[in-house]
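So that you can tell them apart, the chains are marked A, B, C, D, E and F in the order they are listed, and the count of residues begins at 1 in each.
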Amino acid sequence: MRPLAWYQLREEIEEFLYFEADLLDQRRFKEWLDLLAEDLVYFMPVRRNVRFGQHAERENTKQGEGISWFDEDKWTLGKRVEQVLTGVHYAEEPLSRVTHMVSNVRLLDVRPSVEDAREVTVGSRFLVYQNRVEYENHTFIGRRTDELRRAGASWQIARREMILEQNVLLAKNLSIFF
Amino acid sequence: MRPLAWYQLREEIEEFLYFEADLLDQRRFKEWLDLLAEDLVYFMPVRRNVRFGQHAERENTKQGEGISWFDEDKWTLGKRVEQVLTGVHYAEEPLSRVTHMVSNVRLLDVRPSVEDAREVTVGSRFLVYQNRVEYENHTFIGRRTDELRRAGASWQIARREMILEQNVLLAKNLSIFF
Amino acid sequence: MRPLAWYQLREEIEEFLYFEADLLDQRRFKEWLDLLAEDLVYFMPVRRNVRFGQHAERENTKQGEGISWFDEDKWTLGKRVEQVLTGVHYAEEPLSRVTHMVSNVRLLDVRPSVEDAREVTVGSRFLVYQNRVEYENHTFIGRRTDELRRAGASWQIARREMILEQNVLLAKNLSIFF
Amino acid sequence: MTTTLPIDQMIDLKRGTISREIFVSPGYYREELEKLFTRAWLFVGHESLIPKPGDFYVSRMGEESVILCRDAQGAVHVFLNSCRHRGMKVCRYEQGNTSLFVCPYHSWSYTTDGRLQGVPLYRALYEGTLNRDEWSLIEVPNLALYKGTVWASWDPAAPDFLDYLGTAVDHLDQVLDCRDGRPGGSEVIGVHKWVFPSNWKFAAENFLGDTYHNPSHRSVDMIGIGPSAQRGQKGRRDNEYNQGHHVWVGHPAGHGMHSVLMPPTMEYEPSYAQYPIVDEYFRHCFEERKRRLGEKARLLPFTGNIFPNASYHGRQPRGICVWHPHSPTETEGWRFFMVDADAPAEVKDVLRRFYMRYSGPAGMTEQDDMENWLYATAASRGTIARRYPFNYQMSMGAYQTDDPIPGDVSLQITDQTPRNYYRVYASYLKGAPWDELVGRPSMRAAAE
Amino acid sequence: MTTTLPIDQMIDLKRGTISREIFVSPGYYREELEKLFTRAWLFVGHESLIPKPGDFYVSRMGEESVILCRDAQGAVHVFLNSCRHRGMKVCRYEQGNTSLFVCPYHSWSYTTDGRLQGVPLYRALYEGTLNRDEWSLIEVPNLALYKGTVWASWDPAAPDFLDYLGTAVDHLDQVLDCRDGRPGGSEVIGVHKWVFPSNWKFAAENFLGDTYHNPSHRSVDMIGIGPSAQRGQKGRRDNEYNQGHHVWVGHPAGHGMHSVLMPPTMEYEPSYAQYPIVDEYFRHCFEERKRRLGEKARLLPFTGNIFPNASYHGRQPRGICVWHPHSPTETEGWRFFMVDADAPAEVKDVLRRFYMRYSGPAGMTEQDDMENWLYATAASRGTIARRYPFNYQMSMGAYQTDDPIPGDVSLQITDQTPRNYYRVYASYLKGAPWDELVGRPSMRAAAE
Amino acid sequence: MTTTLPIDQMIDLKRGTISREIFVSPGYYREELEKLFTRAWLFVGHESLIPKPGDFYVSRMGEESVILCRDAQGAVHVFLNSCRHRGMKVCRYEQGNTSLFVCPYHSWSYTTDGRLQGVPLYRALYEGTLNRDEWSLIEVPNLALYKGTVWASWDPAAPDFLDYLGTAVDHLDQVLDCRDGRPGGSEVIGVHKWVFPSNWKFAAENFLGDTYHNPSHRSVDMIGIGPSAQRGQKGRRDNEYNQGHHVWVGHPAGHGMHSVLMPPTMEYEPSYAQYPIVDEYFRHCFEERKRRLGEKARLLPFTGNIFPNASYHGRQPRGICVWHPHSPTETEGWRFFMVDADAPAEVKDVLRRFYMRYSGPAGMTEQDDMENWLYATAASRGTIARRYPFNYQMSMGAYQTDDPIPGDVSLQITDQTPRNYYRVYASYLKGAPWDELVGRPSMRAAAE
């Protein structure tokens, strides 16, 4: 069994991720931006169907190279928020109805120590349900690995990697945040 | 980081919600009713597609006014349970197979204090999977806000608001509990 | 409220289940096998549509009798892993993309005591998302009851019962682990 | 499954059988879309949804989205919700107020009376070719406002709505008029929209007077969910009809309903037992209505269906439900819940709560209807099943015409209303002239 | 994709090619539903599923739900699972026991022998019009019980089931009879139902004797999953057939199978290495069977398909699988797992465990079949793909008729069984008379 | 919804209207698959995806999966991805390197040049019947490699790709050539694949020069997302075209594009404001290109569409997008993102980041396109909607032929490119000869 502090930290981190989900689902996008570190890396690779044994090397596109679904910085995400707020971003007008379910929240690494946790690597699963207008209905499911950084009483997201379990994207748009 | 008591309370509440889900999925409906306060409000609004900027005001129908999906009291829910138990409520005969997944359990408010928590406001996400007969297959996904009230060693649900992320309901019935 | 030790134990167990999910989704199948007790029972019943009142008796097939979806031991699961690793198990070649979401983790029983927990019965919910090649897309949702056994610093799965909420299986294969 | 034999071979009114084909075949479904929904008067909405100039409410006609809106001058219009340029849906909001419908695609904009106003770069790119007047939003040629309700038909040759309603109007009035007998005065307090895998006609028939399916509601009848249930009363509703004679009435144009004819001596039947104020209110309305309508007050509405797909509940609950076709085996239901606009708040509150537990996908009563419609549709799709017609032999011939009230009146539960409905249905699929569709007696004889 | 050219242009038995159209085209699919599944004998179930009077088991025939039930007198019936009134599915339970099938919609009720018994308010509403006898549940005109299995055909003119089976019966017997040679005696210990996106004929063909697809099971063959695998044996099963000659046999009515002809001198082949008791049991059965059947004992079953969609596994595993069509590209598989009813508990336990890891969507062997059927179907849908027929040229002409056993017998892996199958398939789509369908030799010559 | 009236009744080029039917009807969709996608030259991929012998990349043509591969000798091939035996998809990997395509079903294997090599048990089972040479993988009869891009046509009679491109080649070159004017030299740095519920032609038209839909991108224009946005510049991209004249050009074979003709005096327009090194690089390329191409350097590409479904973005962003039909109302988009293979790493990095935020389902600009295509398709499906054609009257007649550059050139935003596109489209659906399809002037007159 782990020390109590570990579990307290996990609870704290989990609550942070739930809080983040609330901001997104309540469309408090600007507040959400405040949770992102200035040097944020926001990455969702494209997945490929490869032969057995080649997965580690070739299944996912790599951050910093070529074309992924998202390989962005905070500025770009800020623009995405700005765009929604124009009220004429038609792909989100009327706004989508979105629920973020976050589960399997696991501390993968804590630095420098549990007692003095300044940076943590967190694994989680996401199910993002998007429903819009009348019949548009999409469920995006996958895995996240976040790098969180202590920021005063709260935390900031320094890196987010989202593994969406699809090859051909089975949706017309990725107009929401993960 | 929050005081340990907060996390313990959250764990206690979370366990209560999981327990509730077990009662429902195991079809122990009468025991489930015992978890509902006499003055229960059970509310699921109808969602509407509105222009940017009008959401706070007009997106959701309001509790206590007009027509929602559910705006009920304990008596009505008791009737719904009674109906299932007649064995001739055909919409649930044969009974649906249902799984309630509850996630993102967050304490939004604790009254009067964490040490002496008598009432808590809890946020969560739900995924309710309903499968019946051979091919009927529905997944209802959304957000819940519950008002829980300390009742001896356990808790009671005094208010439940369920935000289903749909406009036109993409299912033939809402014959199950959320 | 339960003793702190209970919650710590629950956190420990939950983390174990999340860890297991990571092994599966990262396709570390051999490491996953190490989590299974030698006398493992891995059981997924077939569900049937029966008249009201007959569910306890006749809804689910029984472990140890007749035909279920899975009623297996560790040897068979070992074979399933072996098969995937041949690289010519076409139903998993190319490999499926899989996410295991685990939620509603509840300690149902702890033996002999919370302080000295050697065996625990754990309830949970699963959503297993499988996406393969281009358009194959399946979401398996249901309930699990696991018997876990303390094994040194970690745990072993001694029994897993998976209740998939379907009658006619709405998928071509069950080629993944639950 | 796409055979479309002559419709007459599907509907045998002499024998009282109707083929399953018309409930499952894509072929007949297409015919319905092209020959029926493009001609018949369809329910579009209610004026209380668009009280002010510029107000709009997006509705449907058949499979298509339409905009119900009140223009700047206060006139009501119904437009196809599709841009004349390249078809984009010009309004994707459900309801609101606007001065222009601006298309998101290339920004053509239309005024609330449908005129194409804004065409970016018109002078440079279209002058001399594009005649703006020819490219207004597509508007229904026929629109009718009746006691708050809005109806439309795509057929320029359609008769006036009141001619179309014919003698069904007396029954519809009981739904639309105030409970105390004043004409009109209703308001819509909410709308339910949902999709279910069933042919749309199962739903329409249900309201046409299929009182025979009562046993399917045994579960609610056993436990009691009505406005007096907390005082121990069983059943789905109060016994307002106790003293009356039930009548099932079919009308020449295909409308059909189940109403109740109360005796001249009728007395108010205590209702809403657990809400004295509401009981008192309805007692007052009852007496007031008797005074105001006299003989006419004897007619109370139960359920009915205005051809083809506008169904109503008359009292407990009260509202109009439209069954929009999605496919031969899928339907989108829209229920508009109604109360008297000037009813006291407590009355409205008691009613809305009852409506919600009774009606629609979350309604304890109608959930069981949906279940039956689903599996009746599913079990009728098969090759063998389609060889065996449905049975409509109930109360064959057991009706008199225009006695005691207008229409073909049956004093017992009957399939006469659906038989009449499908007689007219067949005429639409045969592209019959309006004389026949609104059922001039001569025509009816011929068709029977 | 809805072209339906004459079926003869799709199937070229001389050249050994068959068009992809019949595996993907909605047009041919519809023809199958209307001309094939309405005539051929179809597997419905097993008597062990309905041992007692009033027992029922809901099964399927083609796309439709049917009720297999044993009436109060103990007679077995198969009914279409749809109410005669307005089509509702009268039984939505999978299995059970009842004295009446009460329709949830309007409560018409039917006895277990199909008679319409209860009609609410009959006297008041139907007397004189509704002839109850004409509105019984729709029953199959032809039903056959054979060694526990239940078969039915919708065609009143269909020949007796045994004539239909013809010389295929000797092979089917080896599946249905006890392992020790006693006739019949099997029981169903469980059923798997699942849907997969493939044309149903890929599945049927697989059992028709497509031994050639062995390499697709390389993964299980490499690791060994048979009853002796824990003793290090590789492959999918024990080597029961080691001493025999494999034969692939096609029958006039379209049935085809892969069986094994053991030498007169045949000896028991040790099996179930890790279960001495089971090994001993099967050794006993083997000897007993030899004694009892003598020469006939030489025939051992591998896999087969009774035309059109009832496939079997004969020994390891043992069961019957029906391929119910959902659409040209979707199929619902139902596998009935079988054992000798009186086998010892330990034997049954070892078998059921082997069956589960071998068969169906969770079976290590058949998962790879499903994968191939799916992508063979998908890759055959395209416009270009449909211009190139499949190849059925394997072992052209390499068979002799009625030697050494009845039927067209090939001593090597062959496409003769599918060629024969599609010859008959074409006759159904041409609406041929039964003489041709059950393949009187003359007829066959003609057709070839 | 499956009517297929003569295509000429759908397309009225004189009046400038086109029926909605061709955007929603299953009938016309089928015609497209059978008469258009089986003849026209289609974009298959890029050589940079398969640099080495044995490299393959699985692509699509129309609805079908094809394998683009480089054989052991280094020659490029395109094969239908379906086994000749029973149709199984022979390659289910997206990309890789192999010496053989081994079918998972029965293990037939094909070499990288398509020959059927391995047939298990050939001698025993097929010798004398199966002629291996006749059962190679189905290969496209026409393949063209042009500056790294790979194109194919299923019609043996198709003209050479360059004849097919005709005068569109000058524009395409600007996409495929190095930024500094050297011919070719591009590489694909990634591919996006996604499905969206819209008719494929909405997407093709968008690139054909539908500059008129600019207002739909107001949100990105307001906030600025271009390569200089962090320096406060608004809009979607840099102003490279400031000094030029925009031209919209239609070509005889149906290709159409929006390009820009820069003045002889053109100067480099500062770009990539926030990336000095990139700005410097492009300044260098600009000057170098001017030097190298001279007069020809004046043509800069904006967007275009090579008939029928290969669209491109020429500079910011730069890539080729193929619109694969799934159904009348569903399309699969594949975008190949391109850069100069020898561009500096920092340049490539800035470009890829811009591409990602601009393009595809995650692109801020194109999300709004997708939204419009979806609802334009949806709102055009209805019975009434299909009675009202789309408007293509913009800039009727406002173009000159082969002046100042080849093709029908319009100096203002125009529907002439789509009008021209649908003229050719109609010819395909009428099964016209290639002379007409590639638009010999005479033919065009006739068709207009």
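As a convention for this text, a contact is a pair of C-beta atoms (placed from the backbone, for glycine too) under 8 Å apart; a residue touches a chain by one contact, two chains touch by 3 or more.
This is a predicted model, so every value here is computed, not measured.
Colleague: What are the chains that chain D and chain E both touch?
Modeller: For chain D paired with chain E, the chains in contact with each are B, F, in label order.
Colleague: Which chain has its C-alpha centroid farthest away from the centroid of chain A?
Modeller: E
Colleague: Let me spell it out: compute each chain's centre from its C-alpha atoms, then which one is farthest from chain B's centre?
Modeller: The most remote chain is F.
Colleague: Approximately how many whole Å separate the CA-defined centres of chain C and chain E?
Modeller: Taking the average C-alpha coordinate of chain C and of chain E, the gap between them is 33 Å.
Colleague: Mind checking the centre-to-centre distance between chain C and chain D? Centres are C-alpha means, answer in whole Å.
Modeller: 50
Colleague: Can you work out the whole-Å distance between the CA centroids of chain A and chain B?
Modeller: 26
Colleague: Where does chain D touch two or more other chains at once, residue-wise?
Modeller: 92-93, 104, 216, 368, 371-372
Colleague: Multi-chain contacts in chain C: which residues touch at least two other chains?
Modeller: 4, 7, 49-51, 88, 90, 93-94, 101, 103, 127, 133, 139, 167-168, 170
Colleague: Name the graph shape formed by the protein chains and their touching pairs; answer line, ring, star, complete or other.
Modeller: Basically it's none of the tidy shapes, so other.
Colleague: Using the contact rule from the top, write out all pairs of chains that touch.
Modeller: Every touching chain pair, ordered by label, is A-B, A-C, A-D, A-F, B-C, B-D, B-E, C-E, C-F, D-E, D-F, E-F.
Colleague: Per the contact definition, I'd like the list of chain F residues that touch chain C in the complex.
Modeller: Touch list, chain F to chain C: 92-93, 104.
Colleague: Please output the residues of chain F touching chain D within their complex, sorted ascending.
Modeller: Against chain D, the touching part of chain F is residues 1-2, 16, 20, 23, 202, 212-213, 215-216, 368, 371-372, 375-385, 388, 390-391, 393-396, 412-414.
Colleague: For the complex, which residues does chain A have touching chain F?
Modeller: 44, 46, 48-51, 54, 58, 61, 64, 66-72, 75-76, 79-80, 82-83, 86, 88-92, 133, 167-175
Colleague: Using the touch rule from the top, collect the residues of chain B that touch chain A in their complex.
Modeller: 1-2, 4, 7, 10, 47, 49-53, 55, 101, 103-106, 123, 125, 127, 139, 141-143, 163, 165-168, 170
Colleague: With touch defined as at the start, can you tell me which chain B residues reach chain E in the complex?
Modeller: Those in contact with chain E are residues 88, 90, 93-94, 133.
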